[in-house]
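Presented sequentially are two complexes of chain A, the first with chain B as partner and the second with chain C.
Coming up: the complex of A and B.
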């Protein structure tokens, strides 16, 4: 210790990278490359395609100029915005009323109401559209209610979208409303504040961010949805269907890319705005808050029960119509019941094979997706150093939420079908469907994983390294078991969405890998509407079965681990 | 553990600086820790004590400077290549593993057979008096028991250095006092070199062989608990450890200081101060005496008892010097003293600041 220390102190210490660090960084590079291939490169292909002519020559903004010079195309922007805004207002209002009844009243049957409201999540967006045809179509059961208006157009689209987006809005608003502090209400009451004023000064401000967030979510879901307008849109053109028509109908890939880019704009805008709003949200419920407990009030409870009852009946009714229609021999001429329409192999555009393909695809998506997402989130959350790489990966994890499925699917064609792409072998395989679906639903899964990981003690990794135990061992033995509920949530989320999604996969399925949701569209196109309804119901039952399995598994795990899980 | 008995330091820290962006968390720290010593890093939150501990552990490696452990330069090594056990404030026990599995976690990687691991685990559990709790999960134990499991886990691999990061702060007061004693005894028994971070001066005073008082990224003083308490090296240490009267004064000649009209002699002297310089006179409330004062007693003066506050085992009195520029100070008097001398609010009292108990710092 003579001169050494002095000489050493002058220079910056360069930390030796441990074996753990190398493994983590290696893992992050792998995840980073995966995200580049699955998200960034395809989107870049789409972007560049929109600036090319049909021979691949760069033409600048020519395609865009053509787009805006064609009224038939750019009118869709207005149409899309109109139905998205209308659906948003209706859905969020209904969801708020429903959530208000569930959280602030003493009406009976709350659990059943909650369960019913979540059913539409299990269905492809095509299902409400098919039901609406049976109800309000040319030979509809109650078409008189429309007073001569046609269901094929904005009315049908909005009705279908409200059904399909209702649970998404409900979950968000329910969370916002259930985190109320009873003390604020007591304070308001003790000051003699009227019920109405309390609603506007306490309830609404408390739920403000939830409502705003629900608005963005519904708006984005509707403007990017392909299923409902495809089935019931008639001649009312919207952006998502335009993309499909340009590519599949007219084989005009450049124009498809342009419409995709146009569709990306509002989705990206809504996404950014939502992020900003959420950043402003602070925890309103402090640890010392007293949860609000509603008190019985006969009149109010009855009103809420009526509101919720009507909404719940509508949901069950639409589902029931699809189920009934799929069993009727020949609507409306021969109303006797038959299982004939479930014989998908006899139908144009459908087969039982599609159902099995869907199961296979959803299974792989759940298994691979959960593994990739959770490992990726763990590495991003727990690794040290590598700051820029980590920030980049986090950004890439957020992008998929802003990308409409139909745009993602189109981007995948351009990227994987490009003759120069060494990954071209994936085109028209099950692999590309799985990859595309994982990507489509990556962000929500990632955020679920991050939330669970943030609740872990940040020192687990430090303790392991002090005990000379490699991090991956602690990951397997501690992190994964502790986060198991979140891992199951992610896998069932991926499975159900893989079963119901249409938009992203409609471009990239092949004859061998047709999916159930795509079969619904194809059978509907071929006029086999009863079979389309039957297939849609099969998807609902499969998703519901998976949800039930998830529920039982989660309960089993909770029982098994109650010894060590607190609370 | 005296620091200059010719022992070789087990851990030496030289010129350690840690930057977080533009913020300097540690400034050129130098410190030696000796074999089997129990050292406490004491300071307010944000003083850099945890940062220094994490640098020693390799969890947040210092920006500059170097650290040597048992003769080996460990400055740049990752935690997994250093030799230490660590207990965090949160304990970081693995919730899904039993107490035995937690304690034996670090043994699995060593090539030990199952029976040996089991024996070692039960030995450790006995050591922390949890012999019969091995099959429980951490959530089923009390905070104090969890803390002991964390300690047993950190000691399982017989590390050369034990690092404790505020290990007792999450516990309630009674358990904390009991565990102080337990941890200290255990450390003494095993003879493992230990560094503990704490913001609790009482904890540091009762447990440490040596205390390192830190403030704003630098070491203010290193010394035994008694040294730190009796001879604080700076006003910061004087204020942070124990209770202290800070009284304004003026330096006189030949080592005296003036507090208003009262002239005081300080045994430790007033080095480097010229006559007339402003000084701060420090005296602890419990060092103010009122009993057995004679005309020979130095530093005696008349004071007025302004307030008398009963605190159970003693009284805390607020007094003022009876001069034009009223100086207020506090004194702790025993219940006996108050009774025997008949101390009352609003009454005068003759008090003295013992020469050996006065500290004088330059400036105010």
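Coming up: the complex of A and C.
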């Protein structure tokens, strides 16, 4: 294959270029078909299900009419919006304070604080819910703090969601705050502007888009999350749990589909709004900007240290509680310690096999997902012409972000279990889990890849093609090594999320492919709460191990392949 | 390359290895030509290996592959696969779930050897040979945590009606029939004991005392075992287990009568392993297997097999005359009505 282009004569240079283009277009068609199968077709089969009755007959909007006539279901919309909005306000405020401390103060231990704040990403969303139960439940260690209110309900949900979404908001706001231009602050100071006024006229406008983006991300994460309300929601019904109750409790797939579609609406709205806002953002950091350097200020630094310290302690505390609870023999009657709960094979709903399945699934997701996502992003970013096709693929890459995992999982059952589907053989295999997980986390991976590719000067390609080097060789020899940090980021992102995801896979795992995160739900459901905590901690340790490996690998590779970035 | 002596040796060696592997493979294949039997079930996870070991000892050529999950998830899975069923046999599954699948032509009839010895209540009355055969029954029960009850001065309840007394306000948990088969068992039994009107009235009064509804049927007893709540409405097997683990629990069997459910099996219509599926059905109704089914359960299908758990209350007389056909046919209506009445309260309850 490699001698093909070389064999061509100089007069066919034009033909060679178009041949590259055709190969790229072919690749794009393949990616396009993949996205159709993985995203569009399943969602379509879900949509159509919501217009059918039990026997598959078209009934128009009858299911929707019934939905809105059932107050118990209908109220969930209000509940979902309430907890999502509350969690959003709290999380973003906390994350802003934390990020402000990290970027604008000279408090000590910034690296440790940063590391701690990112821990919740490594845990399934059920973990904080389980810990909260041990803290504030009827036998909780500090239940008095709730002053008689029950943790089972909106209070518990919001607390759990804030813990779980905090790092997502922090990453975004941290980026927004760290791109400050010191010249603006100097100007403000020289004009005698007060600190407070500077905050409102310089700091906040600069971070505006980051804050808005963080709001949308937290809102979408909370409204689509299923783990926290499932464990600690009590009687407080939310949409994500309603889907589960309809399908699992009553085998009412049609109503499950309707709730799924209802759930899709706010998520889609938040997503669209975010896109519009992002489109308005202009580069704040021009080439002449001077990075802001915080100056020591004893009082201010102490305040920031206290704020960050409290948040960090809470995060570590919640993890510590889960770890401790998983070791206690029979809470609260026998507080002696034991490793008994780690014997998952004897528990209802869990097994060590599930842990290994999770590892296998996460491994495949990382390898296949990174390959598909990066190749897809490359083709979309670097190919010429074919504008409509590229736009369509771009759009399909963005959709998964707006689709709640539980809706995606349900859509996968309907699509892949359809008797006429030639892909039916994938049903109940590891393959469908990998595909579903890749799809669920496609958008963020895609955006990471695109950002990395955009940083690459197009002259690389221009030079290569003028040297008659086929594009795939440039891709493997130049593009991939240059983008290695981004590629590793994507793969570890996919790996960690595959370990912790629950909502997307709860409907489609099978006996041979039970997963650790699902086992956490099932064990909690069956009342094996200590074992559920134990399994959740195992997931945290595995993800943390992978992160550490990623860190070491990135450092090694940075030395080898990123030397060109330094002078 | 062919002339290189080393290469020739290598080639021969490879051929010899391949031949040896082939021979070993044949031998192993001959010895291990076991039938994989795909069994969908909802029996408790800690019982799986007990049944598998005993059955495979008697049927060394069959290998059971369990697909186990809670009744709700298995029911959803079975129904989702109805156009192209994957299981060979459904085993230890709530009879109401099987009844729900029968209209979809899910099963094939088979009379296991010895089925005539079983209590006729446990055998499909509508078809001969039967589409489903019951294995054992589990009964509704109330778990009472002595330590937590003492803290709140709660007397030991003796009846369902006792649980509606104001003293228990906020101290009772039961599962949500919208998500739990056990809860539906309770709800349908109350409607059968007191009739529709009396049943709903009772549930209305009980609702005032319920702290919250759980998703899973075994959870109320586990919560009671953990001291999260003094009283949980659940089923008996879990109480026996939690007590063995050291939880301060008492099993209460309300005197008005107990709802119960049959755990049953049925062979799937398109199984490719019919002989193996029938072997499992035959084995299940045998006395040896029935003895394995007994611990912790109210009653097994074969009369005269006692429950070996010493302090398990005698519940035989308390089991209501359960009309499964009625319970199955009315499930969606009853669950909807229940949801309308009690699931609406979406705000957390004020104390």
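Observations on the model:
Following the convention adopted for this analysis, the second predicted complex is superposed on the first by the 546 of 567 C-alpha atoms of A that agree within 3 Å, B and C clash if a C-alpha of one lies under 4 Å from a C-alpha of the other, contacts with A are read in each partner's own complex, and residues count from 1 in each chain.
Criterion: a contact is a pair of C-beta atoms (placed from the backbone, for glycine too) under 8 Å apart; a residue touches a chain by one contact, two chains touch by 3 or more.
The structure presented is a predicted model; accordingly, all values stated were derived computationally and were not measured.
In the superposition on chain A, A:339 contacts neither chain B nor chain C. In the superposition on chain A, A:234 makes contact with chain C only, while chain B stays out of contact range. Contact with chain C, but none with chain B, is seen for A:250 once the two complexes are overlaid on the shared chain.
Within the superposed three-chain arrangement, the count of touched residues of chain A is higher for C, of the candidates chain B and chain C.
Once chain A of one complex is fitted onto chain A of the other, the partner contacts of A:69 are absent, as it touches neither chain B nor chain C. Applying the stated contact rule after C-alpha superposition, one finds that A:413 touches chain C and leaves chain B untouched. Look at A:191: by the touch rule set out above, it reaches neither chain B nor chain C. Across the interface of their complex, chain A is touched by residues 12, 14-15, 28, 57-59, 61-66, 68, 75-82, 84-86, 88, 90, 92, 94-97, 105-106, 108-109, 137-140, 153-154, 156-157, 159 of chain B. Those residues of chain C whose C-beta lies close enough to touch chain A in the complex are 44-46, 65-70, 72-73, 75-76, 79-81, 83-84, 86, 100, 147-148, 176-180, 211-213, 215-216, 218-219, 221-223, 225-229, 238, 245-248, 332, 335-336, 339-340, 343-349, 351.
Per the touch definition, chain A reaches chain C in the complex via residues 70-72, 75-76, 78-79, 133, 137-139, 148-150, 152-155, 230, 234-237, 244-245, 247-253, 329-334, 346-350, 413, 417-419, 424, 427-428, 507, 510-511, 522, 525-529. Residues 1, 5-6, 8-21, 457, 459-460, 462-470, 474, 477-478, 481-482, 561, 563-566 of chain A are the ones touching chain B in the complex.
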